[in-house]
Amino acid sequence: MSSDHLFLEHLTWEEVEQARERGVDAVLLPIGSTEQHGPHMPLDTDCFIARSLCARAAEAGEADGVRLLVAPTMNVTLSWYHMQFPGSMRLSTTTFLQVFAELCDSLAHHGFERLIAVNGHGGNMAALTVAVNHYYETRSRRVFLVQWWDLAADLLASIEGPMIHAEEAETSIAMALGHRVYAERATRDAWDRGAAVREAGMPWTSFGKYGMTHKGPGVVVPMDMLRDITPSGVVGDATRASPETGRTIVEAIVPRIVQVAREMAGRA
Amino acid sequence: MSSDHLFLEHLTWEEVEQARERGVDAVLLPIGSTEQHGPHMPLDTDCFIARSLCARAAEAGEADGVRLLVAPTMNVTLSWYHMQFPGSMRLSTTTFLQVFAELCDSLAHHGFERLIAVNGHGGNMAALTVAVNHYYETRSRRVFLVQWWDLAADLLASIEGPMIHAEEAETSIAMALGHRVYAERATRDAWDRGAAVREAGMPWTSFGKYGMTHKGPGVVVPMDMLRDITPSGVVGDATRASPETGRTIVEAIVPRIVQVAREMAGRA
Amino acid sequence: MSSDHLFLEHLTWEEVEQARERGVDAVLLPIGSTEQHGPHMPLDTDCFIARSLCARAAEAGEADGVRLLVAPTMNVTLSWYHMQFPGSMRLSTTTFLQVFAELCDSLAHHGFERLIAVNGHGGNMAALTVAVNHYYETRSRRVFLVQWWDLAADLLASIEGPMIHAEEAETSIAMALGHRVYAERATRDAWDRGAAVREAGMPWTSFGKYGMTHKGPGVVVPMDMLRDITPSGVVGDATRASPETGRTIVEAIVPRIVQVAREMAGRA
Amino acid sequence: MSSDHLFLEHLTWEEVEQARERGVDAVLLPIGSTEQHGPHMPLDTDCFIARSLCARAAEAGEADGVRLLVAPTMNVTLSWYHMQFPGSMRLSTTTFLQVFAELCDSLAHHGFERLIAVNGHGGNMAALTVAVNHYYETRSRRVFLVQWWDLAADLLASIEGPMIHAEEAETSIAMALGHRVYAERATRDAWDRGAAVREAGMPWTSFGKYGMTHKGPGVVVPMDMLRDITPSGVVGDATRASPETGRTIVEAIVPRIVQVAREMAGRA
Amino acid sequence: MSSDHLFLEHLTWEEVEQARERGVDAVLLPIGSTEQHGPHMPLDTDCFIARSLCARAAEAGEADGVRLLVAPTMNVTLSWYHMQFPGSMRLSTTTFLQVFAELCDSLAHHGFERLIAVNGHGGNMAALTVAVNHYYETRSRRVFLVQWWDLAADLLASIEGPMIHAEEAETSIAMALGHRVYAERATRDAWDRGAAVREAGMPWTSFGKYGMTHKGPGVVVPMDMLRDITPSGVVGDATRASPETGRTIVEAIVPRIVQVAREMAGRA
Amino acid sequence: MSSDHLFLEHLTWEEVEQARERGVDAVLLPIGSTEQHGPHMPLDTDCFIARSLCARAAEAGEADGVRLLVAPTMNVTLSWYHMQFPGSMRLSTTTFLQVFAELCDSLAHHGFERLIAVNGHGGNMAALTVAVNHYYETRSRRVFLVQWWDLAADLLASIEGPMIHAEEAETSIAMALGHRVYAERATRDAWDRGAAVREAGMPWTSFGKYGMTHKGPGVVVPMDMLRDITPSGVVGDATRASPETGRTIVEAIVPRIVQVAREMAGRA
């Protein structure tokens, strides 16, 4: 494609060297997962979203004077709670943290000191927060962590229901980015997650914070093994998804990623 | 004291056995830190707050038919970003996660399957979220994580300014719980944290999420080495603190902790 | 594309379940690298080759009654000796071995007991040999390891010169598989590797085994940091490469991979 | 209390800074345990003894021109062989060693190079010996290890019976230091430990060294899982304990700790 | 013996110092195993062969102006696949790699920068290849790895049958070096290893590379648990062994080891 | 030799099987070191002593109806504090503990449940105490630890001076066992270790417990880097050594080792 030159791994080493000499404002590191995404989306959905957002940001940056490169995608991550669904793959937490640090080290080794992790998988959120802190603690190098649900928090506020997995927001974004989505198989499950947990006979609390848009008093609870509470793998309502909803979100996020990179490079 | 029988370590093994036979709804595991808390509070502030909240919840529970025990306090945790201030102590992230798991294992070994971590240190938040998930992944046992800023999120919404370290909310709670607070030394620093970071010449982004009450679009950034941005160690305004503010928060939290335990035990 | 259904990550979990129910003879696990491949090939060359060979084998298998699935690609591996060339990325040996085992565990968790690693990077060879042995030792499950230079050893015997990196054979295969190859930038370097090592002032022995086609008495020596001996990153002669040479090799390998899978499944 | 200023965690960071500027001869690091101590003492007995001895030494030092600070207590340590008794908690050996090193690192980071570990739990003895050696090996910094049974070896020589756990000496010291001791529940068990081991059907040798006052030819044997040999948790005779015995020991130890610190600081 | 001065551990530290001052061209590090070697050879066969070859090379070197020292033997290594046979001992792969690196570090600490590992156990081959690469990656120091089957590859080409374990070649070398060999108990087993594997009902492939002299297209497969395929522990035909065959091999290898050392020291 | 059949590694696997069937009361595991032993003894002194004591005990046992086997010797152990002296080699503490556990696991795998570690190196003492405890904690299998200075404590009481390294007692035992001892080079150094430490300007305390025969009140201090306090490597007085002294000790120890094994096997 015409944006091949924005992907690190599609360059030769001499082309990387030339890019470095021209100046690279930041390297984007897409972080996905290989895990079930309901009956209507394939296992690589988080990879696709993370990588597509990086690509769009790199293109938008190019048009706007912000020079970005996209690193290879971390494609297997923290998906332990999806393992009851065939095809889901996982790394252990320890290995995941180690891989992340070694990828950052590799990039920094070549002088790419400004790194932005672009995470598409909610289950990586806490571990990546630990990771960027640990990285700064041990290497004195600050990696920023971009996540679409964070960066579009204002737009997502208007979406009803739990924002957890393979539901309206995620499905809409996948649609907007051109992912393989089988809209006709979309379904709704575990809309009231608390009820689902109680029904499954597991310990719960009415303060439990599960989703990314929890409001009011909260208590952190571990994820559920999802098949205990959702037969389809969806947590929320995927039938509400639409490309339009997705486009609104994507169009908001992409320039914000560019802005983060510009600010990180001190060029605000 | 009269509530000695609520602290596990103040019991003999026979008394623990008797408590277990009578039934224990949950064990509370206080998690503090040993780190600077500005010029006006001692290093053990997070330990004191976590342990005091546990004690009050255990007492309130006792009055209310919810049987709680308080485990020994984790007193040195993830304080790397305070190390520029004399006296601060830290565990590495890896060791912290390991200690947490082994404490939970110890308690579960004696049949205490319902554990609630009560964390007083913001810097432990992401790692503890990882920890309770990892614990469920590897032991199939769910630990809940209570943090005052989460559990009182509704009340804290009205507090202005950054909610980060040794500021209005934390100082007020410490006062309300009877901690050694030197109110006259209270100060205000890094009120506008973004400005402080920029001034220190570090990479930043205007979307940066630092505090516990960040609103709107956000990007996860690692903590700063705090002395780079605050000469006093305070991030926020401690001079606004008052015992009254603290009492309001404490009085809201304590019954909520009891409620979490009651629900966890399936006795809601 | 029409072969999308052969890639695990392009399936939904229900489709994986259906595939499993129909029977899967083996899962192919492509192992590449992100590292310099001379001035004439991009960093993802080993990923491309490994994944393309898997895809072709899965297609050929389908035509031939052998049911294969292709897992996600390990895209950053053991490339430490390329790190002097911009853009190269690496995992540490320990992390690499751990990731490999966890990927195999993930697949086995879903009942895919017959795994074939298809490795495109010579620098992974010894570690993967250790890995499949270690995996059998600790999990009692046998993973087979396919490498094009092994599986086409008879055809490669006629290629002159060192078979090490970005040279005639690898470049030819990349061409045959449709990779982005800038043939006009192809070059020749370190043809006599011993001489290059000596010239660089490093310890050497005339028995040193470097390439994959070493004959006669040999001594195992560690890889060189390649930029010490080759300014271009090529070790061998890439100018001799041709799509025809590549096609001969590819056409030999693909049915052999299918045969390995058929035999592994006991259907020979 | 009036000795609050001797406990590191009760100081603000500015007070620590001031103490450091005035000079600190050594930091005392109390190491306890959370484990059964018979029917007559609570689980925190070792913590209490270690911390109290540190406090008394710091006070005595202050009166004597030796400036000491007391660090937070390690409260869960190597208690695996007590786990059959409810409430006992443990760290694994590996984690314990790691925590110890990180606590020492934290203190040394602030310029407190002279550290004295004050251990109250016999089960930590060998591991702490390994720890201080390992610490010197890897950090070139010498930590001294004080244990009451070592430092009062001359006085303890006159106490009859095994000196192992919750027996005469330990109970007496706890009494003298003002610990919660239920003297009326004190008991005697496993007085002849060899007999108890044989009776339990475990491998033994008449040369077995169990207690801290073994005389003559010896063989190192692992600890027993204590409930296999003592129903009460006591190993020895707690009924012989008295505050007077305890006071004699405490009064001997405290000035010796001060002397160790003075000598360590080269001020002897 | 008269060659005692060639073994590091038989020297006093002053003698080591003197040797170092005179100049040491290389230190040889023998690597054996403790594992079954059929009914006709004892468990220490690989140790004996590795150490004897080192001794002979050191003596030959001495006569030839190449100064060598022999380090202590690694006597327990990667023998997991022999564990069904009584007496076999093993290290885990991780521990083995760690021990190897620490031995090399110890020698390098004293200025012995030129190290040659002399491995007598086929099961260590891949791990040692990883080890010498990892060592160069992390310490920038090149260790060479000598193995008799590599260094005598030309001579072994004429030996028929699998070259795997306790067969013709190994037995012959053991005889030639004066090892305790009970020739009358020698036997032949698993001559056709593929057949043996199939018979045992394990996954196989006709491309499987097992032995050290595999020719043509190959696939790496893990070792078998040997008792699954050979009742005697022999894989190959030990009855064909003879001291003459062994002598031919030994006489070829010894001067080659000397040559490797001479070249490594840049004195070729 | 005639006692070859007592060494595990000199047996074939069938002979081990036969020994096991006849019954083995215990396996002795010799633990030595490779480290300086003054100007008068070679680096392998601890290996030699440990292995010789095992051999003598196995022979004495055979004459006495106690069936013992001797395992291969751990020849590189915890010698970090000797590393200033050429030729000394070391394992890290972590690796040492791991190797020990894996050796015990290997032996236990074959049904040898009764293991006696026979340690010849004082620097391993604390770590081996940790090791046998950790082994019992994690495997529920008790390994006994025999050390000549422990087992002959009564006889050694009459030897004057520090019992630390390469001094009277160790040298005498080496002589009695037939080790290569250059008596004419024997020397005396660091007789008053406290003075030597102070002179070297290192932190010390007059309560410091260094030697194996410390009496009275004590404080555990880490080992010194020995060359800081002894130019020869000797700590004590080797000139007082004599074969007669050694013989007295050896003749006392050997039957005691046999007795330990007999008791361990419950045949007392």
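Residue numbering begins at 1 within each chain, and the chains themselves are lettered A, B, C, D, E and F in the order written.
In this text, a contact is a pair of C-beta atoms (placed from the backbone, for glycine too) under 8 Å apart; a residue touches a chain by one contact, two chains touch by 3 or more.
Since the structure is predicted, the reported quantities are computational estimates derived from the model, not experimental observations.
Steps from chain C to chain F, minimised over paths through touching chains, total 2.
Counted as hops between touching chains, the shortest connection from chain B to chain F is 2.
Chains that touch both chain B and chain E: there are none. In summary, the interface at C-E recurs among the listed pairs E-F, B-D or D-F; the equivalent pair, sharing over half of its contacts by residue number, is D-F. Between chain C and chain E the CA-based rotation angle works out to 180°, given as a multiple of 5.
Centroid distances built from C-alpha atoms place F farthest away from chain A. For the pair chain A and chain C, the distance between C-alpha centroids works out to 29 Å. Here the spacing of chain B and chain C, counted between their Cα centres, is 50 Å. The multi-chain contact residues of chain F, meaning those touching 2 or more other chains, do not exist; every residue touches at most one other chain. Arrangement of the chains shown, judged by which pairs touch: one closed cycle in which each chain has exactly two touching partners. Order of chains round the ring, from chain B towards chain D, by the touch criterion defined above: B, D, F, E, C, A.
Those residues of chain A lying in contact with chain C across their complex are 4, 8-17, 20, 34, 36-44, 47, 71-73, 75-76, 83, 85-92, 95, 98-99, 102-103, 106-107, 109-110, 180, 182, 185, 233.
Interface of chain F with chain D (complex): residues 80-81, 93-94, 114, 126-130, 132-137, 142-147, 150-154, 202-207, 209, 215-223, 256, 259-260, 263-266, 268.
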